[in-house]
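Sharing a structure here in C-alpha cells format.
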Amino acid sequence: MNFASDNTAPTAPEIMAALVAANQGSAMPYGNDDLMVQVRARIRQIFEAPEAAVYLVATGTAANALSCAILVQPWQAVFCHRNAHIEEDECGAPEFYTGGSKLVLVDGDHARMTPPALDRAIGFTGRGGVHNVQRGMVSITNATEHGTVYDPKAVKALADVARSYGLPVHMDGARFTNALITAGCTPAELTWKAGVDVLSFGGTKNGCMGVEAVVIFDPARAAEFEFRRKRAGHLISKHRYLSAQMLAYLTDDLWLRLAHQANAAARHLSNGLSAIPGATLVHPTEANAVFAAWPRSGHRRAEGGGARYYLWPGDQSLSGPDDEPLAARLVCSWSTTEADVEGILALIRG
Amino acid sequence: MNFASDNTAPTAPEIMAALVAANQGSAMPYGNDDLMVQVRARIRQIFEAPEAAVYLVATGTAANALSCAILVQPWQAVFCHRNAHIEEDECGAPEFYTGGSKLVLVDGDHARMTPPALDRAIGFTGRGGVHNVQRGMVSITNATEHGTVYDPKAVKALADVARSYGLPVHMDGARFTNALITAGCTPAELTWKAGVDVLSFGGTKNGCMGVEAVVIFDPARAAEFEFRRKRAGHLISKHRYLSAQMLAYLTDDLWLRLAHQANAAARHLSNGLSAIPGATLVHPTEANAVFAAWPRSGHRRAEGGGARYYLWPGDQSLSGPDDEPLAARLVCSWSTTEADVEGILALIRG
Amino acid sequence: MNFASDNTAPTAPEIMAALVAANQGSAMPYGNDDLMVQVRARIRQIFEAPEAAVYLVATGTAANALSCAILVQPWQAVFCHRNAHIEEDECGAPEFYTGGSKLVLVDGDHARMTPPALDRAIGFTGRGGVHNVQRGMVSITNATEHGTVYDPKAVKALADVARSYGLPVHMDGARFTNALITAGCTPAELTWKAGVDVLSFGGTKNGCMGVEAVVIFDPARAAEFEFRRKRAGHLISKHRYLSAQMLAYLTDDLWLRLAHQANAAARHLSNGLSAIPGATLVHPTEANAVFAAWPRSGHRRAEGGGARYYLWPGDQSLSGPDDEPLAARLVCSWSTTEADVEGILALIRG
Amino acid sequence: MNFASDNTAPTAPEIMAALVAANQGSAMPYGNDDLMVQVRARIRQIFEAPEAAVYLVATGTAANALSCAILVQPWQAVFCHRNAHIEEDECGAPEFYTGGSKLVLVDGDHARMTPPALDRAIGFTGRGGVHNVQRGMVSITNATEHGTVYDPKAVKALADVARSYGLPVHMDGARFTNALITAGCTPAELTWKAGVDVLSFGGTKNGCMGVEAVVIFDPARAAEFEFRRKRAGHLISKHRYLSAQMLAYLTDDLWLRLAHQANAAARHLSNGLSAIPGATLVHPTEANAVFAAWPRSGHRRAEGGGARYYLWPGDQSLSGPDDEPLAARLVCSWSTTEADVEGILALIRG
C-alpha cells in the first residue's frame, strides 16, 4: 500500500527482461547502439513525426531542463503554472540549465494554466524593453502536478497564446501517457498537432527503471541539444540500457497498458474515497494521482495499517481533532493492485 | 574483439542479477532506499572512512563536475593534466557546473602531472590579485587517460603541492579500481591517506550498468552536494537501481576481480604487441588500456578481421605506406577474453 | 519639465567640480587611489560602521546583483517584492550574477512587503528538502519602486522575519537618501541597526554622474565581492573618478541636500496634483516619485506643453475619452525646480 | 614618472571639457541621449561601416566579455594568445559572461599568435564530436599585452585561419589606437577589412575617463548584445557622460593624437633604454609599452628616485646582485612627458 509516489514502484517485468536481454556482448556507447536506431524509429512512428529528433536521458529533470535550455535565452522568461514540476520540484534546474532564465508563474485551478492567465502573464512581461526579462517560452505540465489533464483542445488553446507572441512550447510529459489515456487521442494530437515543439516523454514514472525521451519535433532546434546533454553529464555511456528500456516500453503497447492500469487504480481509489463520509476530492482525478481530504481519524488508521502517502501540503499533522479533514496526495502506479486500493480504503473507512 | 572502450562492455552478470533481485515491491526514491544504507556503510568500510559522505550518480561526468563544483569557486582555477578527462572529454562540464572556473593545464609524460609542473602552474596563477583567476583545486585522474597509474606516493606528492597552497584535491577515479589493482595498496592509501578530499569512484567502466559514487572524505564539504546534484537532474528517482549495482559491485570483491581481469587482459595484449616487429608502446601499460603503435599493414589486417579500436590520435589514416607505424588505443574491460586478445594479436601479426 | 526619471538629471555641480579637481596627475587604478581611502572612511563614519567593507561600482544593477551574489547560493531564493527593481528592471541581472537563483515574489501594497507576506513566502519555500529551491536571502528596496518608504521599524520587522529563518538581508538603496530623509533617522538606524547586512547605497539617481557604493556591514561577507566585481567587469580602472564623485557627494551634506530637494519637489507636485479635480494619488508620495491618475485631457495638455513622464503602466493610451483617468509616474530629482512643478501642474489643470 | 599603467593617467582635458559641457539640462538615459546619435554616426564613419552596431560600456573587461558572449556558445572555445588580456587579466570574465566557455591558449612570441599555432589549436579542438568543447571564436588582442602590434596583414592571416573553420573573430582593442598608429592604416583595414567581426574599441587607456565602444560590424550579431549588456549591469543610466567622452575622443583626431604621443614616448624610452649598457629589450616596442631588462642597480636607483613601474614578472626582487638584469614593464600614456622619460632614463643610467 505505497501511494507515496509512482517512483516507488518497481520496473515493469517486460522492461527488466529487456535489460537482461540487452546484456549480451559489446555495444557502441553514447547513443550509438543499435537499439537506439529502433527507439528513434519507433518514437517517430508513434508520434507521426518522421523528422523529429529523439534523445534519451535518465531523469525527468534532465529532460525538462535541457528542453528549456534549447528553447529560451538566459534573459528570457519561461511561462509555466505556479505548481509546475519545473517550478516546484527541480531545485532550480531550469534556472541552472538556461543560464538564469526567470520562471514567470501563471495561475489556474487544479494546476492547469488558463489561456487568459497565460496571455496576461506573457503580455505583462518584457514590455519595458531591455530593462525587463523578455518573453521566452511556455512549458505545459501534462498530466499536471495535481493529477489533472489537458486535452488536445486545452493544449492548443495555450499553444495558440504562445504562438501569438512567437513563443515555442514545451510539454513536461513525465506523466504523458497517463494524460494520453485520459485524453483519448493520439500522441500527435496531444503534442505537435496542438502546437507543442518539444516533449519530455516520461518512462520512469510509468514502469521504466530510469529513462525519459526528449522529442524535438522541429529538428532545427536539436542542434545544440547534444552538446548541452553531454556537457551536463547526461549522455549515458552504456546507452544501450536506456534504449532497451524505451524500446520495451513502446513495444506491444506496454506503455499504454501500464498507464491504463495506473489511471484505473487512481479512479478506483478516487471513487472509493469520494464515497467515504466526510471525504472530498481536492482536485479532479484525471490521471494517476488522487488529491483528497478526509477526517484525521482515517489518516491515523491508514498510517497505523501501513499505508504510505504524503499529507499535501506537508505541514499538516496527524495530531489534532479526529474529525478535522486533512488533505493528502495518493499516487497510483502501474504496480498498484486492487488489493492495495481496497486495503487503504478499508483502513480509512475504519 | 571490441577494444574501442570499456564502455562497450556489458554489465557484469552479478550486477545484472542484483538489479533483477532489487526489482521487488516498492522502495523509497531519491536515495532513501534501504540498499543505499548498505552502500554507504560498505564504502565507508572499504575506504576506512566512517565519516565520509557518499552519493551515487549515473555518469562519470556528473561525478567529476559535481565534485569540482563543491571544491572551487567560479573565479578559481582547477589544476589538472592537459589530457585529463575533465579537460578533454566532458564538453566543458566542469566549466558548466562550477559556474565558469578555468581549467589550468599541467604537463607531464603519459598523462601524469609531475609535482614540479603542478607547483609551477599553481604558483603562476593568481599572482596578480583580483585581476587573475585564483587558485582553486587540483584534480588527479587515476588511472590516467593514457593508461598509466599514480601510486600512493605519487598522489601524495601532488597533494602535498596542493596543500602547500591550501588547495583541496579531487581524484577522478572513473578507473579507480584499475589503478588500485596496479598500485597494490588499500583504497584509503590511494585516496584520503594520500591527501585526496573527494573521489569520483567509478563503477560503469568496470562492469556496472551505470553508477559512480562520489566519496567526500570531509563531510563538511558535502553540505551543498545534494542541492547541486538535484539541481543538475542527477538525483535518480528510482535510486534503488543505482544502489543495487554499487552494492553488488562491492560484494565478494567483485569490483577487484573485474578490474584485475581487465588489467590482466591489457597486460597480455601489451606484451603481445611489444613482441611484434615494428611495434612499440606509446605509453606504459599500467591499467586496462594499451597505447601502442605498429605498422599500418597490421592495422589493415586487424580492421579487416573485425577488431574494433581507435587510432589515437584519430586523424591518422589507414591509407598510406604499409610500413608506417600508426598509434592506437585499445581498451580492455572485465569482459575481454583471452581469445579476444589472441585474436587481435594474430590479426596484427598477419 | 522632465519627470521621466531621476536618471535624466545632470550631475550636481559640486560633483562635477570634484571630477575636474581629481583630474590632476597620476593616480593608482582599480580602487587603490588615495581618494578611495577617504571615501571608505567617510562611509564608515556616516554609517557608524568602522568595520564595514566599502566598494564602488558604476551602476545600481551592478551593486544589487553583486550584493545578491555574495549573499545567496545558486539553488536558493531571493525574497523580494513583486515590484522590486531587481525583479522588474534589471533584465534578470540577479539571476545572472547568482548563477540562477530564483526570485520569489512577495506581495504588499505600494511596493512594500508586509512581514506576514514575507513570512508566508519564506515559510512556503524549501519545505520539500532537496527538491525545492532553498531559502536564501531577503532584498528590500528602499525607497520602493512606487515611491514609498520603509522606516527603521518597518525594515526591522522584515529583517526579523528574515533572521527567524537565518537569512541575510540586502537593501537596494538606489534611492536610499530619499528614504532616509523621509524616515528622519540615521543611516545606521535605517540599515544595520534594523538588520540590514549589505546595502546598495545609491549616488547616480541623486546627483552623481554614475557611482554606487556597496556597504557590507559584516566584512566576513566581503571576501568574495572583489573577485565577483572584477570578473563582472565592474572594477573601474580609473577609479579615482568614482571616488571623487562619492566623496563630493558625502561632503558638506550634499547627498542629504540633493535628496531633500527631490523629495520636496515631489511633495509639492503631489500636493498640487491632489488638488486637481478628478486626480487621485495611486501611491502615497513618500520619496521623490509621484504616482497619480488624472483625466486624459490633462495628460494631453501636459504632453502638448512639453512635459515628459511615463504613463504607468505603459500600455495606457492618450487616445480615448477625455474624462477617463490615466495613471502616471513622475519622478523628481535634485534638479527639479519649482518652475518645473508649477509648469506641469498648470498644464494639467488646463 | 608613473609608468605603472596607462590607467594611472588622468583624463585628457578635451574630454573633461566635454563632460562639463554635457552637464546641462536633462537627457534621456540608457543610450537614448542625443550625443549617442552622433557617436554612432562618427564611429560608423571612421570605420567606413555604415551598418555597424555601436554600443558603449565603461570598462574594457565588459566590452571584451560581452563581445565574446555574443560570438560563442557555452560549449565552445575561445582561441586566444596565452598572454591575452582576456586570459590573464579579467579574473575569468569571459567564462562568466559566456556561461562557461573554455579559453584555448595559442602560442607565439611577444604575445602574438602565429597563424600556424592558431590553426593547430583550432584543428586540435572538437575533433571528438560531442565529447569535446567545440570550436567557437578567435580573439586577437591588438596592441598585445607585450606591447607589440598586429598589422592588417597579420590580422588577416589569423582571420583567414578562423574563417577556414567558420569561426568569427573578435579584436580586443583596449589599445586599438596605439596599434593603429603603428600599423599606419585605416581603422577599417585593421578590422573588418582584415576579417574582424566585433571590436572592443578602447577609450579609457588612451585618455578617456572610462568608456569603450563595442563595434559590431555585422549587425545581425547585435541582437542579443543589448540584453546581455543590461543584464550585466553595464547599461549606464546617465549615458550621456559616456557619449560625451567618446564624441570628444573622436573629434579633431584627438584619439589619434593621444595615441601618437603615448607611442612616441614609449619609443623614446625604448631607445634610451637600449642604449644603456647591460640593458636589453624583452619585446619589441611597437605601441605604448616598453618591456626591457637592465641591471638591478638601475632599478634601485629608479625606485629611489620615485619612478613607478612593475617588475615583470612580478616575482623578481630588488634584493640581490647589482649586475643581475631584472625585466620590467613600463607603460607610457598620452600624458607621459619627455621630462618623465628623460627622468627615468637618467635615474637608470645613474
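Lettered A, B, C and D in written order, each chain numbered from 1.
Keep in mind that, in the parts below, contacts are C-beta pairs under 8 Å (C-beta built on N, C-alpha and C of every residue); 3 or more make two chains touch, one makes a residue touch a chain.
The structure presented is a predicted model; accordingly, all values stated were derived computationally and were not measured.
Think of it this way: of A-C, A-B or B-C, only one pair shares over half of the A-D contact pairs by residue number, and it is B-C. The chain pair B-D and the chain pair B-C differ in C-beta contact count, and the higher one is B-D. Of all chains, the one whose CA centroid is most distant from that of chain A is D.
Each chain gets a centre from the mean of its Cα atoms; for chain B and chain D, those two points are 41 Å apart.
Look at where the CA atoms of chain C average out and do the same for chain D: the two points lie 34 Å apart.
Our note on geometry: chain B versus chain C, Cα centroid distance of 51 Å, whole angstroms.
Within chain A, contacts with two or more other chains are made by residues 30, 74-75, 90-92, 96, 99, 130-131, 134, 227, 230-231, 235.
Contact residues on chain D toward chain C in their complex (touch as defined above): 2, 4-5, 7-11, 13, 16, 19-20, 23-30, 57-66, 90-93, 96-97, 204-205, 209-210, 227, 230-238, 241, 308, 335. By the touch criterion given at the top, residues 74-75, 88-92, 95-96, 98-103, 127-128, 130-134, 313-315 of chain B touch chain D in their complex. Put simply, chain D touches chain A in their complex at residues 30, 73-75, 99, 130-131, 134, 224, 226-231, 235.
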